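In what follows, structures are represented as structure tokens.
What follows is a pair of complexes built around chain A, which joins chain B in one and chain C in the other.
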Partner chain A sequence: MANLEKYNNAFIETFEITEDKLAGLKYQDIEAWDSVGHMGLIAALEEAFDIMMDTDDIIDFSSYEKGKEILSKSEYGVEF
Partner chain B sequence: MNRIWDLSEHGSKMAVIDEYGRQLTYADLDSEAHALADVIGHRCLVFSLCRNEIGSLVGYTAFINNGIVPVMINSHQEEALLDNLLKTYCPEYLWVPADMKDKFEGMLSVYEARDYCLLKTEYKKQYPLFDELGLLITTSGSTGSPKLVRQSYLNVLDNAQTIAEYLKLDDTERPITTLPMNYVYGLSIINSHFLVGATLLLTEKGLMQKEFWNFFKDQKATSFGGVPYTYEMLDKLRFYRMELPSLRTMTQAGGKITPELHEKFAAYAHDQGRNFVVMYGAAEATSRMGYLPPEKAVEKKGSMGIPIPRGKFTLIDAEGKEITEPFSTGELVYEGKNVTLGYAECGEDLAKGDERHGKLETGDMAQFDDDGFYYIVGRKKRFLKIYGNRVNLDEIDRLIKGEFEIEAASSGVDDHMFIFITEENKAEPVKEFVVGKTKLNPSAFKVITIEEIPKNESGKTLYNELKKYYE
Partner chain C sequence: MGLLDSKVCLITGAGRGIGRETARRFAEEGAILYVTDYLEGSLDPLIGELKEKYHTDVTPLYFDVTEESAAKAAIMSVKKGHGRLDVLVNNAGIMRDNVIGMIGQKLLHDVFDINVFAVINMIQLANKLMSRQRSGSIINISSIVGLEGAAGQLVYSASKGAVAALTKAAAKELAPNGIRVNAVAPGLINTGLLQAIGENKIQENLKNVKMGRLGEPIDVANVLVFLASDLSGYVTGEIIGIDGEATV
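This part shows the complex of A and B:
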């Protein structure tokens, strides 16, 4: 599976939303993305890409786009 | 009138700082609270739609300290339940965030301050209020019941004093908010810290947001509280590695933390010279009933501790006799001045007096060990704690049956509810419905379709037989 697809699936499955809702999606835009949902999303991403995210990156992960930027960093090395 | 605090006593000390840097001294808070209370001018019922914002805090302070009785409601409350509460209790005023004003058509705004406004309702009927009634708390916050817990001024004051005593609070404390103000645990943090002249750090942001931690560090927070799920999130955040030099104390309540997490946080606190305090309580006992002294946190892992000062625990067996042997299970009964007056289920109940006389049957099944430390081992009634919120399973079943006219049986463990139905095509709508009613994150709920809901000959659901699907 391509990385973008894995990334999108983590959102789609955790928040039970459709793909067209992803662009521009921010923390607390939808009820499912609260602190509980955030933890679920991080767990899903860590599993999908087999990584362990740093505390600062977990709390900085404030939108769909910001998340891509974070995962593209060298320590995670996810290419989109 | 100063029913709870003498705010002017702490005059120039800082009472509250919010995430945007706005600050109020105790003298400021006192004068803003009086200005609001003076607009109302008499004892009556007010619905307070709570957020962790200064306006909400000024409202709470104004009301409870001046004999105006607030019903504390989450500002995100589901509209149907809020309507039901309004119709049931007919408050004279609402204190709501200014950005929600438009939701209350036909109500006149008579005063505005700190992004909150006071709306006058047009209910003809006003229910009489019992003299000692100080505060009303919604029970489940979820499943549609308009039932409230009736707390007296003495309840609130006594519990705040006791908490300040066993946590050894003083005016150097700077607790940061992690819990809503309409939740008794969150409220108890405000109540106890205002007694000692401490500084409340007020934020709507949560643990998973960078702004929260920046605020925490910039304002040198000394303590926070959390439900079991909070500690799971902190664990996930690898909290143990965070640089938080100002932190002194972490408290935990709102359900039983797993022994593994209890051990991790107790060990962390011990290594860092901090306190981790597991506590036990309920809205029916104002807030706190028990606590595990921090120096015992490692040794007594899994225990919720001992009664708070001047409180008393007893265990009652199935025959109604007091248990005197360690490691025997019985229902936990608490006695203390913080045991609330009782419930209200309709407007007339607001005139009721003390129905509990200082004694509360908690509905929790417990044991004590050789040293008199208590352990919660189960529950008498069918409810779960989900992210710290009590959710009544029978009520959920009733709501689903009422909405969809299908068979439903819910069960599960804390933070994970399983709803069993027999019609597969209803699985999604049922889940959406329950999420909408409880306003809790969907990941707590799973709907499972089975052939038949197991029942005994007399038609009673056999919940134990559902366990095999999730254990």
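This part shows the complex of A and C:
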């Protein structure tokens, strides 16, 4: 599975939304992406990419796009 | 069959005192062990002993618990090695203090960095693995002075009081994930840390212990075995005193 597909699936499965809602999606835009949902998303991403994210990055993960930027950092090495 | 058969356990500060004795008892009960210390090579004698005596699957991890990236790497190595973490014992800590009026900022930061902030960080990291498996036991080391306070030990008392409070908070937050969080509050335990205060002072303090003897590291380790094992499967958010009925 391509990394983008894995990334999208983490959002889709955690928040139970469709792919067309992903672009531009921000933290707390939808009810499911609250603080508890956020930790669920992080757990899904860590599992999908076999990584462990830094706390600062978890806090900075404020949108669908920002998340891609964070995971692209060298320490995580996820290429989109 | 041991109480901790096949449980993957991580004990911080296992190089001496309570941490070392806990590693021995966990090994005796069949645990798979990750033991940590900050001083490279300091765990070699313990590792050799556990392998020879109990045939323990034991891995040393050398890192400073106050460094978030190093702690993360340690948890990652547990994940890569065994894919799970059943028990975390947050044992690493320091006892430093001064009288009111002579408490410097460095002392404050050093004590809280290790005794409190590192513990919170380790809980956050362990939670990543434990939440996925929907189980786990986290055990923190508070102190009788964290619950009662002690003259001349304001900073240490405050740090261990914080450990008691964060244990209760974490227990509430993590219970829905199947993770138990408890702490022990040792009294006068016969470790190098205690010996450093001198024999006269020890004898003076001993008068306040109704059982009339110092606690031994194994007295603490035995309670930690209970909290790590499934025997305590419905116990969480507790601070268990191990003090021989002492008063401070």
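Rule of thumb we're sticking to: the second predicted complex is superposed on the first by the 80 of 80 C-alpha atoms of A that agree within 3 Å, B and C clash if a C-alpha of one lies under 4 Å from a C-alpha of the other, contacts with A are read in each partner's own complex, and residues count from 1 in each chain.
The working rule: contacts are C-beta pairs under 8 Å (C-beta built on N, C-alpha and C of every residue); 3 or more make two chains touch, one makes a residue touch a chain.
No experiment lies behind these values; they were computed from the predicted model shown.
When both complexes are overlaid on chain A, the residue A:55 reaches chain B and chain C alike.
Looking at the shared chain after the overlay, A:27 reaches chain B, while chain C stays out of its contact range.
Contact with chain B, but none with chain C, is seen for A:37 once the two complexes are overlaid on the shared chain. In the superposition on chain A, contact of A:14 is made with chain B only, not with chain C.
In the superposed model, A:67 lies in contact with neither chain B nor chain C. Shared-chain residue A:47: touches chain C; no touch with chain B. For chain A, the partner with contacts to more residues, out of chain B and chain C, is B. Looking at chain A, you'll find residues 43, 54-55 touch chain B in one structure and chain C in the other.
Contacts from chain A toward chain C in the complex involve residues 43, 46-47, 52, 54-55. Per the touch definition, chain B reaches chain A in the complex via residues 206-210, 212-213, 229, 232-233, 236-239, 241-242, 387, 435, 439-444. Those residues of chain A that touch chain B in the complex are listed here as 14, 16, 27, 31-32, 34-40, 42-43, 54-56, 58-60, 62. Partner chain A is touched in their complex by these residues of chain C: 68-69, 72, 75-76, 79, 121, 124-125, 128, 131-132.
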